[in-house]
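Next come two complexes, and both contain chain A; in the first it sits with chain B, in the second with chain C.
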Partner chain A sequence: MSTVTLKDLKKTYANGFQAIHGIDMEIRDGEFIVIVGPSGCGKSTLLRMIAGLETITDGELMIDDRRVNQVEPGKRDIAMVFQNYALYPHMSVYDNMAYGLKIRKKSTEEIAQQVNRAADILEIGALLDRKPSQLSGGQRQRVAMGRAIVRDPKVFLFDEPLSNLDAKLRVQMRIEIRKLQRALKTTAIYVTHDQVEAMTLADRLIVMNGGLPEQIGSPMELYDRPATTFVAGFIGSPAMNFIPVRVDKKGATFPSGQNLNFSVPSGHENVLLGIRPEDIEITTPDLADLTLKVSVIEPLGADSLIYGSCEGMKEDLVVRVRDKATVQEEETFSVRFNQQKLHYFDPTTNSRLP
Partner chain B sequence: MQKQVRFDNKVLPYLLVAPQVLITIIFFIWPASQSVYQSFLVEDPFGLSSEFVWFANFEELFADSTYLDAFGRTLLFSFSTAFLAISMALFLAIMADRVIRGETLYKTFLIWPYAVAPALAGVLWFLMFNPTIGVIGFGLNALGYEWNHYLNGWQAMVLVIVASAWKQISYNFIFFLAGLQSIPKPLIEAAAIDGAGPAHRFKTIIFPLLSPTTFFLLVVNLVYAFFETFPVIHATTQGGPAKATEILVYKVFNDGFIGLDLGGSAAQSVILMIIVSGLTVFQFKYVEKKVTY
Partner chain C sequence: MVENRPLLTFFSHLALIIGISFIALPVWLAFVVSTQEASALFSGQVPLWPGEHFIENYSSILFEGEKNSGAPPILLMITNSLVMAICVAVGKITISIISAYAIVYFQFPFRQAIFWMIFMTLMLPVEVRILPTFEVIAQLGMLNSYAGLTIPLIASATATFLFRQFYMTIPDEMIEAARMDGAGPIRFFIDILLPLSRTNIAALFVILFIFGWNQYLWPLLVTTDASYYTVVMGIQRMMAVPDSDPIWHYVMATAILGMIPPVIVVVTMQKLFVKGLIETEK
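Coming up: the complex of A and B.
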């Protein structure tokens, strides 16, 4: 039952490297926030600043109405799940979960009750006597979660908790984390580099790049209206296609010199047209927006990805079609863009044009 | 995957282990069996003849109060030395682990004493504690504490313990530092988030995780204090004053080479051999199994 407020939060390391360039955000009570970005974008640093494991150079961090910039990690009433779980290897699962409660001088009965409750929620009741070395990856993950929920903290922090699991388990745990957070209604901040995890878990997402938040919003807001080319390229898989478009008095043209069949925002000589692979469809030549030549086809089962090259463009355009691809490699084919799903960006500032 | 190396040639494997076996036989098995044999003999005062007496030498030893005193003294000396060397090394390793600037410099200086020969280490401390010219001895006397290890047996004992432990600190330090650095940082961070302060973290996380290292070092240090501190004592107190620092290894030397009681001295060294074997077996058995997590 807590809010977290970040006011112009900044971090500069002793060697002068500025990891976080100022972040403002208000995290509402019970909200699931995911911080996503490529490696080195500062997302883990930001989480560690909230945890108190990194000092805050400038700005303010509030949990509820309390300023916690200088507060020890143990006194912030937070719990964190680490990437490699960080279970205490010499303690049983029970002792791992009870550790924080013992420090808080809870009575033995109360500790037992809370550990058992958490163990029931996570279905690890049978493992309480084991040592972490006797557990599988998924079980360790559960114990790490148990250690976090047993204290009933104000905020959960997750630092890429699923990246050490195999693909199948990752999907399963992702759903469980979501359910658990919904049931407990505890504010959660989750760091990942995986955009699928980010999209599926988040109430709101922060896409970070180079120590700055590029955009903050709900997953679908970010998907439907990415504020920058970075967000557009990062959210959604495969990534959005970008096509540089020239605009002059006669109209707008593709790099191939072909004219566009639709209007682009005025007032710019060059614009970057963004279109997602799923918003392009194969059509007949008379309805074509663009003609492509197939370079590679990737069948994924439910869909296929067709990589098509276009004259004047360095990168292939990706087209996503249902079922099997109806075209062959080396063939040319015509595509039409979904007019409602076009995105325009300024190529100099990389920000979205209205 | 095949773990064992297989040789096609039948002779080659034996040739390969031969040098090590030979060294063990010449420098250990042979002298050891000689001393076992000798421990059953009593020589006449002129060394011209000897008589086979079975366990008489051993019986005599355990009836001898000076031997039993030396035994007790050795235990006190060894455990004190091991405790001092281990605790100081752990303290220094924790400090060195926290240092950020000039890390290598500190570590190099802390490891250096290990290169000092035991006899030199002894002499070094002997001089520093010298009641008239030594820095520490003089200082203690100036402060009103009467220090004279030439006369006071307990003070002499403190001196040899300090000198022996000092030499061993570097060795222990390396192990503790490596042990500390192998503890994953997220564990400490997790404990911090769980609300544990630095002292509690040390008690509940760091020290238990170092316990295999600590146990290994305890055995190694005990063996060191039992058997390898001869030069320290020989170069400083020579077992005195009044046998106050005469530990078992020193007594072997004293009785055998000064007292010329070869049989009795051999019996003592056989007992020492049994102790070191026991310690080694203990170490292999428990370091591998019990003290793990």
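Coming up: the complex of A and C.
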């Protein structure tokens, strides 16, 4: 139960590569923070800096009000769940969970009590005598989490903990991690490249790109008002559609030359219009904002994705419709954009226009 | 696939029996000879069944030794060999496990250079550097001592290399998890690395024990005092008697006794490391 403060945190490797370009953030007590981004964006480096496994080149890291830049990982009062679990193969589940407490010279009774409490929470009481090699992936995951919660740390750190599990188990464990964190009210920082995990778990999200945070905010804030095209394209699946729009004295036009039926922010010659697949609906030609030609239809069960090509645009526009698609491949169809859900970006800076 | 083909079974067993007799026959003959009287062997015919002097021959060789060739009692030589083999094996494992730990897990200047220096000594077996080593040991006054017998043989590039390769297969997360748990370098070494290396240690111990036990040239050079003789050189001394035939039944009894400790080590350690191989997740 603690706050974590990052003040202009920077990381430059010995070879001169700058992995983190400076991050400022205040993580509140009990908050669940998810760091998300593509590979190589520095998200794992940032987590490892907070853990103390990577040195901090510049800036300050505070846990509560203590500056921990130079503090050994074991003394920061944090716990980490690793991607491959990193359980000690020669120790039983009980010993794996007890190891950190043993090193901290807790009494045997206290250790037993703590381990049993954690085992109860995670429902792994029956596995305590087994070795990690005798456990399934999901059980190992639980033990790894048990090892973290048994110490009752100030902060939990998760480094892509679900990426080694199969899809079904991943959903199940995702929900359990959320419940667990809610119940324990421990501050948590979670790194993932999976945007669904990021959206569902986070109180606040950090979207990282190229060593810098692109945007920090609640999942719905990021979904509703992405600050940059990168965030807009990263959050939400399938990704947001971007349409370059030209603006001149007569009005705004699509790449096809068709006029827009709605106004765009003034003062720019070129504007990038963003619209999510779920905010486009199929309509009759007289109400159409744009006419598309179907290139591919992907039925997903509950809904279908229609990829439509439009004259003058390089990439297909994705439209999400409920149930089955009512159009056939190669057909043309008309779509209408939800005017409340339009996003505008400056194509040169990639940042959001008001 | 289990097939019932009697002919195949017959031939494979036959081949195995022939193979085993090739190995076992000399050992059996050595045992047979060691139980005979001296006179039984003068005829030039080797008897195939044990004689009646087992206890007599063995007790005299164990506790009195062979006066003619100046060999001390075998019990003393076996003890010397044991001390040497155990010191060499334990010493080699200790030194190499620690140096491999330093090379793999610590950042220090010239780390790679030091590793390659150790690695290059692989090319220099004991026999090649035996004269300078002897000179050093002689200068240090370590001739005729257990220290002189064992210390020069302790440094081991092979074992260091094996442990290094093993440590490199341990995922980095393991040490990171240990650091998060608050374990320092020494705790990590004792609590995590040593138990994980158990199988490697067992396998190496067997190999190195036998290496130490079978040392011949080095003990021959550094010991002139009979109380530091080892079994292997003892046998040689019994063979090279001036002006008379070797006393074969004593020589063979010594050979049989000299075989027992390595056999015990192999048999007991084999169990341990097979068990370790099954249990460890790697």
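As a convention for this text, the second predicted complex is superposed on the first by the 354 of 354 C-alpha atoms of A that agree within 3 Å, B and C clash if a C-alpha of one lies under 4 Å from a C-alpha of the other, contacts with A are read in each partner's own complex, and residues count from 1 in each chain.
By definition in this document, a residue touches a chain if its C-beta (ideal position, glycine included) is under 8 Å from a C-beta of that chain, and two chains touch if they have at least 3 such contacts.
Remember, predicted model here, so these are calculated numbers, not experimental data.
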**OP:** Report clash or fit for the pair chain B and chain C bound to chain A in the combined superposed model.
**Re:** clash
**OP:** Name the contact category of A:Val171: first (chain B only), second (chain C only), both, or neither.
**Re:** neither
Original post:
With the two structures laid over each other on chain A, which partner does A:Leu342 touch: chain B (first), chain C (second), both, or neither?
Top reply: neither
Subject >> Contacts on chain A seen with chain B and repeated with chain C across the two complexes >> reply: 51-53, 72-75, 78-80, 82-84, 86, 88-90, 99-100, 103-104, 131, 133, 147
Subject >> Residues of chain B that touch chain A when the two form their complex >> reply: 184, 186-187, 189-197, 200, 204-205, 208-209, 211, 293
**OP:** Enumerate the contact residues on chain C facing chain A in the complex.
**Re:** 171, 173-174, 176-184, 187, 191-192, 195-196, 198, 279-282
Original post:
Which residues of chain A touch chain B in the complex?
Top reply: 51-53, 72-75, 78-80, 82-84, 86, 88-90, 99-100, 103-104, 131, 133, 147, 151
Subject >> Contact footprint of chain C on chain A as seen in their complex >> reply: 51-53, 72-75, 78-80, 82-91, 99-100, 103-104, 131-133, 147
